Amino acid sequence: MCGIVGLFLKSSALEPTLGKHLSAMLSALSDRGPDSAGFAIYRNPAPRGSIKLTLFHPEADYGWDHLVRELSEETGTSVRGEPRGSHFVLTAAMPVETARHWLSHHRPDVRIMGVGDCIELYKEKGNPRDVVRRFRLNELAGSHALGHTRMATESAVTTQHSHPFSTGLDLCLVHNGSLSNHNRMRQWLGRHGIDFQTDNDTEVAAGYFTHLLGEGATLEEALKSGISDLDGFYTFAIGTKDGFAVVRDPIACKPAVLAETDEWVAMASEYRAIAHLPGAERSRLWEPSPATVYSWKKH
Amino acid sequence: MPRSTKTTPAAPSPAANPRGHREHASFPPVVVAEIQRAAREGIYDIRGLGAKRRLPSFDDLIFLGASISRYPLEGYRERCATNVTIGSRFAKKPIELKIPITIAGMSFGSLSANAKEALGRAASEMGTSTTTGDGGMTEEERRSSTTLVYQVLPSRYGHDPDHMRRCEAIEVVVGQGAKPGGGGMLLGLKVTERVAGMRTLPVGIDQRSACRHPDWTGPDDLEIKIAELREVTDWEKPIYVKVGATRVKYDVALAVKSGADAVVVDGMQGGTGATQEVFIEHVGIPTLPAVRQAVEALQELDMHRKVQLIVSGGIRNGADVAKALALGADAVSIGTAALIALNCNAPLFLEDYAKLETAPGYCHHCQTGRCPVGVTTQDPKLEARLDPSLAAQRVRNYLSTMVLEAQTLARACGKSHLHNLEPEDLAALTIEAAAMAGVPLAGTDWIPGRGGA
Amino acid sequence: MIEVDIESLGVRGLNERFHRLPPDTNERAWKLTNPKGAHALAVGLDRPLTIEIDGHVGYYCGGMNKQAEITINGHAGPGLAENIMSGVVRVKGNASQSAAASGRGGLVVIEGDASSRCGISMKGVNIVVGGSVGHMSAFMAQAGHLVVCGDAGSHLGDSIYEAVIYVGGDVASLGSDCIEKPMTEKHRAKLKRILAAAGVSASPERFRRFGSARQLYNFKVDHAAQY
């Protein structure tokens, strides 16, 4: 069980403080998710023809500079990177498949956490307050972000098992709840080409959405299918390149609060996490209905 | 809710098949009778008590008493202490028990008032606790029991903050061994005026119950609920979380993360006043592996002995108590065994057992409300057959016996406190028990699933 | 009027302060500020206090309340006034799920909307909602009255016992064993009294009454599908 948060800025004036606000949201939900934390933040769009990958390696002083140089030399393209805690955001002027291919051949022990034009995805074991500090989330600017604090129910507490899970380009998923048919679903998805790193139920949901989106479904269609195909209790928040979506299962026991002002839309498992946002006291506050997809997009 | 149903007849003994007709192992007489009953009645069978089928249990473990490498303690003269403290983690007033055996939650409604009183008196004399049940606290129970644990259940029948504040501890019941994932059940005959009044139900109806709590689902929200209970009671009382044994490792870890002071794990042998037979026999794991998994979960969080573990489900004698403690439990809880000490299945009023189509030793008809010995009934005439004083004495004697038995075994292993019993004092007699308890098969170093030979 | 900043005193300090008040206390009027969604505010009270909370509260505000009158000038999280025994808990804004869960007495007023499971397992409390309620409201409701001036979500009154539901607007669907029942003068008079006690103005004429069909009180094989 866990806490989930999402913050979508309607006004670019608030973009410099996105990380600061998300950090406070995550800290507010540390009690319900003390084991690990993670967030996906959409910022610094990559130049046309480039791709951003968030990478992770458990070694403290991993040779990221070396990786950047090697990749750049071998592909003859422009590559740069930015370390942040135990993660590294690589921007490379090449198609995504080229980058993936190179990494799996030359750096198989480097984990790819998230890929896209804008997304940066960070997650780690530890109390959420410590995790956001280590990633210096406070200083990050961006247009929108999702976050998660984890209380592991059935699978292990590791970096890999933490949320968000990346489901595709600029896509990510956070989940509060507990699925009940994920094991069978994982096997089925495995036979349809989805690879899994963990035994985590959320990863299965992420894989399910990736699969449907890959087959051409829109985000709304994929989430609607999920309502009938995924069994169990859940509030899902999904991040996309230009917005986010929220959906609850038909029984809707897990909490979810939505708040909206002229400046932002926020989502959280508890109002406490939203309370400190500027203008929260006057925001429109409501709860998403069960089995209904809610989504917001930048225009 | 279904009406009370008749029993299936007992399987005939070999003497009843002198001509040697071929028996059918998949369809023995008990199964045949049950299919025929289902065909007549169109509804699942409902009964009381716990799993009746044979299971790997504490019987399959033995103690390695002292010999040359270990030295025993002298009985009586050399102390073997039995006390235990529950709730040291957060509560201002942890509970001190003189013996590591408590009386499990059983509702007034399921049990008669005389039964509850007798249990309370016995527990008080022995310096241990009793527990309310689904339906709330009675005054008789509060008066007779010096240490009373107040259950908070999915139904919230009779839930009263004043009662909660008058008790010594709080037990949030997520589930019980007889029916993990199920809610309470009380059939119409037992929903008398008094019971109905306490539970805010119409008299005589079959009580339907919720299986989830109304105001929280999941350990993240349980944490907030536990915090509320602490606030209501000014952080004084230890808060237990009780689960039926299924995914024990996850559940115990989550109970700890939710802020519990103690965890109660009830194996599939755990009893009930009434539930579907299929639930009792086919859901949940036995107590033996549940204890080991619960202790491992606590150890992995470095919470063993800091969050206390109380184990229940088929605890019957001092050997079971000692073995549960050796595997790492802080205390055990008894339900069915306490009822038997009261008089459940005693060979008295035989014609009334016969009316229920059963016999002493086989009866599990708590759900009918026609308990021949007055333990699980609301009928005053039947209840009168249970004298609270005499019954209290029986339970006290039984508890004393269990403690002495446990001490005997502990002393034989050289322990001056029951808590110093360890898994290394045990060996297993079967492969299943070795695997489940995490204890080597006697005469070998082999724990199935963990290597060695 | 005693003013307390919840952020400074803390929830625990505040509840302890309330619990320590003598039965005949003259410290009866309180204003609490900066709740910021905190949980378990003003729980387990048993004094004739009047408490105003300025802001939004988290879970279980007013839980197990006795005697006190609590007004929340904002929204409330899940389990508002759960198991209330007596007294009044009023929310000016909206309430999250399981409002007044298992409430045994007293009055809970939600001037805005209540979410799912409003009045779940209620055991005698009266609940008045100025707006609408979500799905599974009055689930297993045993006693008391749930008055909804707006609409009710799906599965209203599923598995209901003897509680009575009045709805002014639309009902998405009824739960197991919950049926519509006739409204008589007696019912309208009762409804009028409850609305007046809640200080909510609505005309009893437009309300419909719902309650138990009582078909599940004793199990019958033919009703097995409803389980």
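For clarity, chains are labelled A, B and C in written order, and residue numbers in each chain start from 1.
Just so we're on the same page, contacts are C-beta pairs under 8 Å (C-beta built on N, C-alpha and C of every residue); 3 or more make two chains touch, one makes a residue touch a chain.
Every value quoted in this text rests on a predicted model; they were computed, and no experiment measured them.
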{"item": "Reference chain B; chain at largest CA-centroid distance", "value": "A"}
{"item": "Chain pair, most C-beta pairs within the contact cut-off", "value": "B-C"}
{"item": "Cα-centroid distance, chain A relative to chain C, in whole angstrom", "value": "37"}
{"item": "Euclidean distance of C-alpha centroids - chain A vs chain B, Å", "value": "44"}
{"item": "Of all residues in chain A, the ones touching two or more other chains", "value": "253, 255"}
{"item": "Chain B residues counted as touching two or more neighbouring chains", "value": "221, 224"}
{"item": "Interface hub residues of chain C, defined as touching at least two other chains", "value": "39, 58-59, 78"}
{"item": "Of all residues in chain C, those that touch chain B in their complex", "value": "11-12, 15-16, 19, 39-40, 43-44, 46, 58-60, 63-64, 66, 78-79, 82-83, 85, 98, 101-102, 104, 117, 120-121, 123-124, 139-140, 142-143, 159, 161-162, 216-219, 221, 224"}
{"item": "Residue ranges of chain B touching chain C (in the complex, touch as defined)", "value": "1-3, 41-43, 155-156, 159-162, 165, 188, 200-202, 205-206, 208, 210, 214-216, 221, 224-225, 227-228, 231-235"}
{"item": "Residues of chain B defined as touching chain A within the complex", "value": "212, 217-221, 223-224, 247, 250, 253-254, 257"}
{"item": "Complex contacts: residues of chain A adjacent to chain C", "value": "252-253, 255, 257, 270-276, 281, 285-287, 289-290"}
{"item": "Chain C - residues contacting chain A, complex", "value": "36-39, 55-56, 58-59, 74-75, 77-78, 93-94, 96-97, 113, 115-116, 134-135, 153"}
